[in-house]
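So that you can tell them apart, the chains are marked A, B and C in the order they are listed, and the count of residues begins at 1 in each.
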């Protein structure tokens, strides 16, 4: 009798304490989870969220950090285009992005396709091509200064052998930006090639076989099999590339400092000069906000374009 | 601000990253400047100062001129600015307005510093009302360095009082034409003169408010600023227009002046120094701080001629530096001692007699003159102008940045791609914006 | 009969020619392929090689000789000048200090956050993760000016703290990267440990970390490379030369002595060589890290 009754009275008690233990356990987990999250969350709030809000506020004042702020409303947004040449800087930056991204993406993809093979050389070159990606841009900028130096640099000395007088690459308006774009392509094409290699590897060979059976040429196979299925990779490479290109600074600072004149004065350099040489915090903040909105708009546009066309499923 | 609190707690440990300040007996002051040549003279002067003040050590910090203003302001913001630092007129008013400099008037009164020993224009330049922000220590004017060997070859002497007018005629223009030679040896007065093959230009004048068009504008009665401290310019006025036009239309048009595209990017005259040394330009209009460069860079004897006389007379742009006293210095007493020393006759005698710079104390000028006479260059022209009519370098908060915009906007006028009146209108709009928002 | 044999012979020769032609075609393609490889290799390797050569030449030698020629009388003088006269030793030490601190903090704190997102349950987990992801859209340049003002206000400018602080508390990209990896670790591993009575901390440090070597190495590399190469932020928050990191030191040297090719290229190498060494040791991890981002999801 006692055996039969004992469990019935003991059972509810056990369930309740187990439940209570569960809640306590869960609360402990939540506490621990937030403890784990605390540092990065603090970082995000302090160093990302608050500055974003703050820069919008700063864009509405005139301030040089030494005298009191002066409220000017939206006039900074007008003045940066009228007097600080920000419109010009945005165009220069756009020019750089147009020079840089298509060529870089093409080279990255081209190298990926070329080096996919199992040939002995491919593996070594794959590795070599990636090395530039971690080269300090400031240090490389100085190296390129030398390579493109009109008298002592390799490029013009090589051209001289061919009987051509090379231009003053970095002092010439027409060539300065292309050289900077070259430096950037050199630095990141190899790294982006890795993404394309991964993307290419995910395309089943059966698709190519099927296409070949249908009589498709190599070029048609590329257009109709490779490119469409590479779209996720392409999206990633293009989005990160464009966002990065819009913020180019180190290379320009060291190679041309925005010159000749202001032919290579990209947006980030204008922001830097306005804020930290001219100490015009309000104008620089307005520039930062405008640049942010432009980058955001372009990124959203890219996502929209690709999302319509990406096929994740391979039948 | 919560963030401020969070970060300030961390800042409590922000002690590391700063050098330890000298506490106790000896105080170390930092003194910032940019000219490496003058630095030699100042080191000598400071050696004397340290002998007289054994409890004060002075560290000279050389900050290249290119980003001197920016670096000093940035150091001020981060709280580590030097105790004393050179202040040039382009940013003088900005520094004063931003509260970076100490008002020295009470100290001057308490120590009975004799302000009448200095050039009165320099005292006025560095004062705002009754507040004086530095003891004048040097000055400079603009004159014409010329190639004595070249003029000897042409059997020409540089006359003392040349004059010009706003119609582009006058003895100055005539003389310049005599002094311009083409490849076949004809001067610009000759009918066989070939303006496409000029061997030597008579004069090089750059697109600059101090050493270039600034003097001709002043001589035509024009003003860059209507009054010191003005928050707007008076660039689009007849006087300014006449001065600039004289250079861009008449001197350039007559082929006696180095054309804008040869003189440097935006006609800024960067190439003139080399052209002068190579004999491609006979007279180089510049400030006297270039004397050592001229002496060491050329192989021919050099003379100095005064500026020509314009419709409003002979006027040179006049400028001088001060040692600003950091308003947040940790050692105000010792910093003042150094300031007083550098403004004193003993220090300025060292600087003058070593040929480093014209002393701001009028009576000591002969020392500088004598030094350079021994070196073979007669600097009297600069002194004559200093004792004559001068206009102070434009002075207003933000004027340095405003003048950079003005130079950019005047470039096309010097290159001949834009009429002067249009260039001046653009310059005025851009400069006014800078002055308004500084 | 003769025609038949001739035809067969002709066909045979025809086939042989075809075979030879295709083999020739293949040979040409192969040569072309290797030629391309050599050109690509040259483009990527030459800049380093030339810089190494130049860093060991005197300035007259650099100006006189072809950049492609190895130094005829190599000298350490450029490096010794940089370290004795131009403070590069200090810059190197500064860079090492801030980069190590930045890396240690960033990897540790990002890992903690990643583990919480990957394998712990708590309210708001998914929305919070989305917030982290969204911040990846914010370009660095946007936060530069306001951060500078905030640091100025907190009297942190011109200190070592200023250089690494914005990056040391863990960053969303690293959190994302490591979370993706942690999600591939079977839940059972953690369940078993929890049943054994392990605290979450113990699970993370004693169990997860040892089996996450690949992603941890990648994260450490990414953080270290970022810190080492960082330029704009250190440039604006430091003033005193004594606080300069290598990038700032090189840029300043370039402004003042840019034409002293022997010195400036040696200076560039001081920054580049450690990265090359890092790459040589960890190159497999860098290459494999791409698959860890799982972008083809």
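We take it that a residue touches a chain if its C-beta (ideal position, glycine included) is under 8 Å from a C-beta of that chain, and two chains touch if they have at least 3 such contacts.
Quick caveat: nothing in here was measured; it's all calculated off a predicted structure.
Visitor: Taking each chain's centre as the mean of its Cα atoms, which chain lies farthest from subunit A?
Guide: The most distant chain relative to subunit A turns out to be B.
Visitor: Could you tell me between which two chains the number of C-beta pairs in contact is largest?
Guide: So the pair of chains linked by the most contacts is A-C.
Visitor: Can you work out the whole-Å distance between the CA centroids of subunit A and subunit C?
Guide: 14
Visitor: Compute the distance, rounded to whole Å, between the mean C-alpha positions of subunit B and subunit C.
Guide: Whole-Å distance between the two chain centres: 47.
Visitor: State, to the nearest whole Å, the distance from the C-alpha centre of subunit A to the C-alpha centre of subunit B.
Guide: The separation of the two C-alpha centroids amounts to 45 Å.
Visitor: Could you pull out the residues of subunit A that touch at least 2 other chains?
Guide: Within subunit A, residues 42, 46, 50, 65, 276 contact more than one other chain.
Visitor: When you check subunit C against every other chain, which residues touch at least two of them?
Guide: Those would be 150, 152, 165.
Visitor: Going through subunit B residue by residue, note those that touch at least 2 other chains and give them in order.
Guide: If we look for residues of subunit B contacting two or more partner chains, we find 3, 7, 67, 74, 77.
Visitor: Help me check something: in the complex, which residues belonging to subunit A touch subunit B?
Guide: 42, 46, 50, 62, 64-67, 79, 82-83, 260-261, 276-280
Visitor: Quick one: which bits of subunit C touch subunit A in the complex? Just the residue numbers, please.
Guide: My answer: residues 33-34, 36-37, 40-41, 43-48, 50-51, 54, 62-63, 66-68, 105, 109-110, 112-113, 115-117, 120-123, 125, 128, 131-132, 135, 137-150, 152, 165-172, 175, 199-201, 204, 225, 228-229, 231-232, 236, 246-247, 250-251, 254, 258, 261, 264-265, 267-269, 271-272, 275-276, 278-279, 283, 286-287, 290-291, 295-297.
Visitor: Which residues of subunit A touch subunit C once you look at their complex with the stated criterion?
Guide: 26, 29-30, 32-34, 36-37, 39-44, 46-52, 54-55, 58, 65, 111, 114, 119, 121-122, 124-147, 152-154, 157, 186, 190, 194-195, 197-199, 202, 232-233, 236, 243, 246-247, 249-250, 253-254, 267-268, 271-272, 275-276, 281, 284-285, 288-289, 291-292, 295-296, 299
Visitor: Any idea which subunit C residues touch subunit B in the complex?
Guide: My answer: residues 150-162, 165, 239-240, 242-243, 255-256.
Visitor: Okay, in this complex, where on subunit B does subunit C touch?
Guide: Going by the criterion above, the answer is residues 1, 3-4, 7-8, 10-11, 13-14, 16-19, 64, 66-67, 71, 74-75, 77-80.
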